[in-house]
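For reference, the structure discussed in these notes is given below.
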Amino acid sequence: MSRYIKRTSKKAGAAPVTLVHVGERKLDKTRITLTTYDEKSTSTTALQDAAALSGLKRSAGKRLWLNIDGVHDAALVESIGKKFGIHPLTLEDVLSTRQRPKAEAFDTYLYIVLKMLKYDSGTRAIKSEQISLIIFPDLLISFQESTGDVFDGVRERIGKTGSTLRRESCDYLAYALTDAIVDNYFLILETLGQDLESLEDELIDSPRAEAMQTIHALRHELIFLRKQVWPLREVVNRLTREESAIIREPTRLFMRDVYDHTIQIIDTIESYRDILSGFLDLYLSIVSYRMNEVMKTLTIIATIFIPITFIAGVYGMNFKNMPELDWRWGYAGVWAVMLTAVAGMVYYCKRKKWW
Amino acid sequence: MSRYIKRTSKKAGAAPVTLVHVGERKLDKTRITLTTYDEKSTSTTALQDAAALSGLKRSAGKRLWLNIDGVHDAALVESIGKKFGIHPLTLEDVLSTRQRPKAEAFDTYLYIVLKMLKYDSGTRAIKSEQISLIIFPDLLISFQESTGDVFDGVRERIGKTGSTLRRESCDYLAYALTDAIVDNYFLILETLGQDLESLEDELIDSPRAEAMQTIHALRHELIFLRKQVWPLREVVNRLTREESAIIREPTRLFMRDVYDHTIQIIDTIESYRDILSGFLDLYLSIVSYRMNEVMKTLTIIATIFIPITFIAGVYGMNFKNMPELDWRWGYAGVWAVMLTAVAGMVYYCKRKKWW
Amino acid sequence: MSRYIKRTSKKAGAAPVTLVHVGERKLDKTRITLTTYDEKSTSTTALQDAAALSGLKRSAGKRLWLNIDGVHDAALVESIGKKFGIHPLTLEDVLSTRQRPKAEAFDTYLYIVLKMLKYDSGTRAIKSEQISLIIFPDLLISFQESTGDVFDGVRERIGKTGSTLRRESCDYLAYALTDAIVDNYFLILETLGQDLESLEDELIDSPRAEAMQTIHALRHELIFLRKQVWPLREVVNRLTREESAIIREPTRLFMRDVYDHTIQIIDTIESYRDILSGFLDLYLSIVSYRMNEVMKTLTIIATIFIPITFIAGVYGMNFKNMPELDWRWGYAGVWAVMLTAVAGMVYYCKRKKWW
Amino acid sequence: MSRYIKRTSKKAGAAPVTLVHVGERKLDKTRITLTTYDEKSTSTTALQDAAALSGLKRSAGKRLWLNIDGVHDAALVESIGKKFGIHPLTLEDVLSTRQRPKAEAFDTYLYIVLKMLKYDSGTRAIKSEQISLIIFPDLLISFQESTGDVFDGVRERIGKTGSTLRRESCDYLAYALTDAIVDNYFLILETLGQDLESLEDELIDSPRAEAMQTIHALRHELIFLRKQVWPLREVVNRLTREESAIIREPTRLFMRDVYDHTIQIIDTIESYRDILSGFLDLYLSIVSYRMNEVMKTLTIIATIFIPITFIAGVYGMNFKNMPELDWRWGYAGVWAVMLTAVAGMVYYCKRKKWW
Amino acid sequence: MSRYIKRTSKKAGAAPVTLVHVGERKLDKTRITLTTYDEKSTSTTALQDAAALSGLKRSAGKRLWLNIDGVHDAALVESIGKKFGIHPLTLEDVLSTRQRPKAEAFDTYLYIVLKMLKYDSGTRAIKSEQISLIIFPDLLISFQESTGDVFDGVRERIGKTGSTLRRESCDYLAYALTDAIVDNYFLILETLGQDLESLEDELIDSPRAEAMQTIHALRHELIFLRKQVWPLREVVNRLTREESAIIREPTRLFMRDVYDHTIQIIDTIESYRDILSGFLDLYLSIVSYRMNEVMKTLTIIATIFIPITFIAGVYGMNFKNMPELDWRWGYAGVWAVMLTAVAGMVYYCKRKKWW
């Protein structure tokens, strides 16, 4: 369960901007990829280490996208920070993977923290990965916790001649990445929606004990998802109105679109929570209804047979002096009494609508 | 269940303004209808295809209402967009039928997304259809997902000489369409109200297991309805105050009326939710009360007969040496003991108010 | 149950300001009463029909209160509207009795919709009647759905020489009417309070199945009441601050008093809801506790007698070769065994605190 | 139960500022106490009646505190009102003891309504008494419903030479009185806290049926308390920021302190509500767990003995032709079968973890 | 249980700024520690008593951190207050350990109240200790209730040459202390997270009665934690925007970081509450499901054996005239009847899916 806060190596009271990695280490080796593009050409290079960055030049018209997979290497992050003049607090946030989604405007750049979600088909759990975007007009640095992301579509569009991405500044690239992450949330919601749908069918058909645990697990996922998405709303909202000049006016129009999607995602999560809480009620009421059925059957059986079993018991007694035993119609009479008793009980149960 | 988000063809990370249809395709062929009206005359033509639009001229004093049924034809939407100078993001939203109700002001037009609800008497479910309105002062373009709408009343009024609709600009037409959609919500609420009323009668009369499922289904519908109507409130509110000049001051007064209706609808939905949650409590308490009744009966029967059955069992034993069996009043005595036991138990149950 | 929205005759999509009555018709004939008053004199006349209004003159210093009982007569409302220059949207709202309480400022008048509540002692239900007030400085027109209202106190004060009402403009009359309606809500709350109190006594004393239905009914009434009162708060609040010049500064001070009452009523309704939800918990826990008691008794009886009944059964078997049966102390021994078993079971139940 | 709104003598529709007492009459005779103090001296006089007030003079440097116990005497309140120029609406509010805490600024004075709480050790209920403060710079009039208050500490400090109270204007006295009332709330919360604590101990130790009623009663008290304290927050908040010049800047700093206390009280009440709702869950789960235990025992007993009782019953039948009865090891064999059955059942119950 | 408000020695109505200690006395002797530091050197001295402070000089460039462990010594606090010109209300708040976290700007200093949490491994409860910070540009006075805190990291950094702490004014020290306290909250949340995790495992594996009490205890801790942390959010938020000049602009950037942490802590607490409420549902549904299982078994056993036991009972009767007893295949026939009955009952139970 990665749903609870985990103990990290950082000691309470440590200097705030000591650069140490906080969180689970998800990758062995850091991978650095540099994409250079302008309207005419695109090139992508894998860099060996931080040293390779020293020769990097920012020239007018060229846009750079520096993507780093793996944030456990504090030294690398620090050298990147020095190279591009990034505030120590930003670097600390990049290294600490337990950030909340947020957007912070600095003098020369805009810093955005996002959460990329992945559906782990093995454990059927949703995993979250922190994405940090540091946005300059002509440079975007993205930090991911591990390899594998939802940006393939974006890469494709960078590769395509004439795409908007190629024409625009890095704020548009930031939008494209944010949009890709948010769009991916819909896939997660679809998966959850399918789970909800099949759970609903099962509940109405024949609820088993496991249903409750599925409800519980889905609830957990929704609590987790909600915690990831709610702050996102504020982040994207600020991006559409931010005083920072990094996000230019035309891009803000696109960001407004992402904002609409975020609202829609939040709406859906809230609906799902409502639906799930309805499932719980449904499950409990079905369990309770079945208990009722079971108890009625028991009661009907007991109510009918216990009295006549007693009657049979009476005439099984061995008293010397029991006149009924010698009567000619004694046995038949007992049957008559017993059948009358049964009829009475059946009538009683029917009237009570138990049958 | 169309209550959960469905997987769509759009790939996460795709270019945001690639025009592809997102959502269920509800119609085979797109139908284009053009209504031209001014104070003196009205004419309605069905257009064959997008090409027929090329000859369309906007002249002073004439108002145009272009209605398109079916939004799966991206090429058509694109050609309409080019013809009237509509922003690509708007076109993308028109094509994607999973929008949230919203109002967006652009330079030359106002874009409104609404949800038209239909009660499907077959599945007893409420269906939602997305309506997009693009409003220019002298032109209104409406996109619907399929044929069949709630605008017949509006069409009638356009046809009537001297009606306000004929005199006013297209913002008034937009109001009339919005009003028709919102008015239609009341019909949906009435249907739900009737379902709630008959469910209430049934619950108080004799709750069956199905009642719980009806409660569950109604709850689902209300969650769905709520998700459609809540954002509408914000949309209509903005229309009454919007800085955009498309909606003129006198029309805003009418929009305020629609806003009042929206608030009333939201109030009613919230009341229904409250009522439904009361039904759930009622159902559960009735089930629990009946269980109680059943258990009491079982306990009374068992409490009375189990002890005397034991007594009968004792004298059914075959021990050689059982003096009671030979006593003259043994049998009568046993009856006396048993009746005393019964009387005691009955008294006990009465005192506990179980009877 | 008038708690659910009812189908009305108005067709969705109809022209918004077609004047037709929407809602239940509660009265056969419309009654028009005109009260003319100034500081010195008061006179009240019953008018036959709308025609009688044509001669009506508004002179300085005279105030007019025109009260109409019954709003189903669209023609009458329309002719009044024309006579006094009232906006068609206002007239439509007067005719539609499913309005939400609201206050709307027009150029020459202020329009207020209020809900007058009546406790129907027959069905023990609260009924709501729509009151529309159209306020000019020297004229107040009030529309009621049927005869019978809570304004007798106001009429009395108009009749009394030297009362404030006689001295002040019609905004003070509007205040007096609003105050009378809001004060009447306290009576409704008292009635509900008494019902709650006797329900509480009953619940603690001996809860019966009907208690649950009473809880349910009261909850219904509270949901209904809440829906009526919540918007009132906003209405009265706006009257104390409204930019419209109709309500003059001194009257606003009095309106602030009405506002305080409204807040108090809302507080009380919320408290009642809390209390009622506590009753539900109490009821369910009592039912559950009683169930527990019943089950304990059953279990004690069964636990004690089932084993010894088995023992008696064993020695009721007819095997040839059952040595115990021939033992001299066999019978006494069995009793000893059985009593020991009983003692053991009783001890067990006592230790478990079931007894 | 004084928790529900009570019918009062005031008729709906009566003139708003007719001065009549509204509420329960708690005192036979009104008591008027006048305290005159300045930096050098203090004197306290009991006044016989309103007439004694006529000679009262307000001189510079002297501060007056006029305290009236008992507000049923409308004539007295009216004469005080006339003497000091108090608005009729204020007088009406003083007389009506069902006010909500509020602060209203008038031209020459500030009017505050507060609720003084008392713990009635007899009925273990919290009682509320309305305190009205009318504050002039050099005069404070306080109205209480009955004798006995929490102001003894304040009186002591007025008596003490050199105390801040003696030096400051009447706004500081108002602060001192408000502070005394709010401080007293902590005592009420402590009492409730002790009740909660002992209830918790009892619940965990051995919950009895009464626990539920104690939970219910405490919940009632908290709902009541909440209704008293919530509006107080707004009142005190306004006093710290009020545009009225009555409360001077230095006193506002002290009022901010009272505001902090009010927030703390509200926090505590909300915590208590949370805790109480936890108690309810705890109680219900314990009851349900015990039921479970009881049912398990019943089931184990029944499951073990019912089958073997049947076997014994079979061999108690009197058929002529029952070969087993004549077998040499028949009886021993039956015992063997029965013991095997018992062993099987015990194993089954153990596996199900019922034992 | 320190979760409820405790009676304190302060009498309601006492003068507000009488300096008396309010709260539990946690320490025998007060400990005063003075740390003097500038960019070049640091020195820490333990002061004997308040008298030792008299010689204290504030010189430019030197920063002083005066830490007092133990706040029960009112005289000491008062003499510190006089020495540094601190407002009596601040001193009163320092002495009263039942404050809510808050920030108050005074003319020359900023006063912050924080709550330091400690996990008491003995009682497994979270304890709260009040920390008061009085911040001047060149002096920070911190009051703690007892010895032992989370500031060791801060002390270390003061001791380190070249650390930011050494260079900056006392507002940065205040930030460092606040950060240390807030960081420590994460440790508390981790401990709670571990408890939640192991509780979840236990619940899914085999819920015992104690689980409910653990849920209850954790809920209690969360309510307590929430009450401590919620106001903190407002405090830190004000520190990032405060008009007071004490916190300088660069430090505010760091405070924004603390604010982010606070939001994250609140998010986590709310998630934990959600999760815990899910545990409660899970526990109750598992208990209810097990009850169901138990009842089904009982019903199956009873349903199968009660009827056939009756049949056996019938032929155990001793009537003279019972023809079946003499039939050759009577005994076999009874077995046949009984087996048929069993088969029927088994079929019935199977069809009802009880088996």
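So that you can tell them apart, the chains are marked A, B, C, D and E in the order they are listed, and the count of residues begins at 1 in each.
Keep this in mind: a residue touches a chain if its C-beta (ideal position, glycine included) is under 8 Å from a C-beta of that chain, and two chains touch if they have at least 3 such contacts.
Keep in mind that what you see is a predicted model, and the values were worked out from it rather than measured.
S.K.: For chain A and chain B, which third chains touch each of them?
M.R.: Touches both chain A and chain B: nothing.
S.K.: Do chain D and chain E face each other with the same patch, meaning over half of the contact numbers show up on both, or with different patches?
M.R.: Shared-number fraction below one half, so different.
S.K.: Nearest whole angstrom, what separates the Cα centre of chain C from the Cα centre of chain D?
M.R.: The answer is 26 Å.
S.K.: Please work out the Cα centroid separation of chain B and chain D, and write it as a whole number of Å.
M.R.: 42
S.K.: Give the residues of chain E touching no fewer than two other chains, as numbers and ranges.
M.R.: Where chain E meets two or more other chains at a single residue, that happens at 284, 288, 291, 295, 298, 302, 306, 309, 313, 316-318, 322.
S.K.: Applying the stated contact rule, could you write out the chains in ring order, opening with chain A and then chain E?
M.R.: A, E, D, C, B
S.K.: Using the touch definition from the top, list the residues of chain B that touch chain C in their complex.
M.R.: So the residues of chain B in touch with chain C come to 150-154, 156-157, 163-165, 176, 179-180, 183-184, 186-187, 189-190, 193-194, 196-197, 200, 204, 253-254, 256-257, 260, 263-264, 267-268, 271, 274-275, 278, 281-282, 284-286, 288-289, 291-292, 295-296, 298-299, 302-303, 306-307, 309-310, 313-314, 316-322, 352-354.
S.K.: Looking at the complex, which residues from chain D come into contact with chain C?
M.R.: For chain D paired with chain C, touching residues are 1, 3-8, 10-17, 87, 89, 92-93, 98-100, 102, 104, 206, 209, 212-213, 216, 219-220, 223-224, 227, 230-231, 280, 283-284, 287-288, 290-291, 293-295, 297-298, 301-302, 305-306, 308-309, 312-313, 315-318, 322, 324-331, 334.
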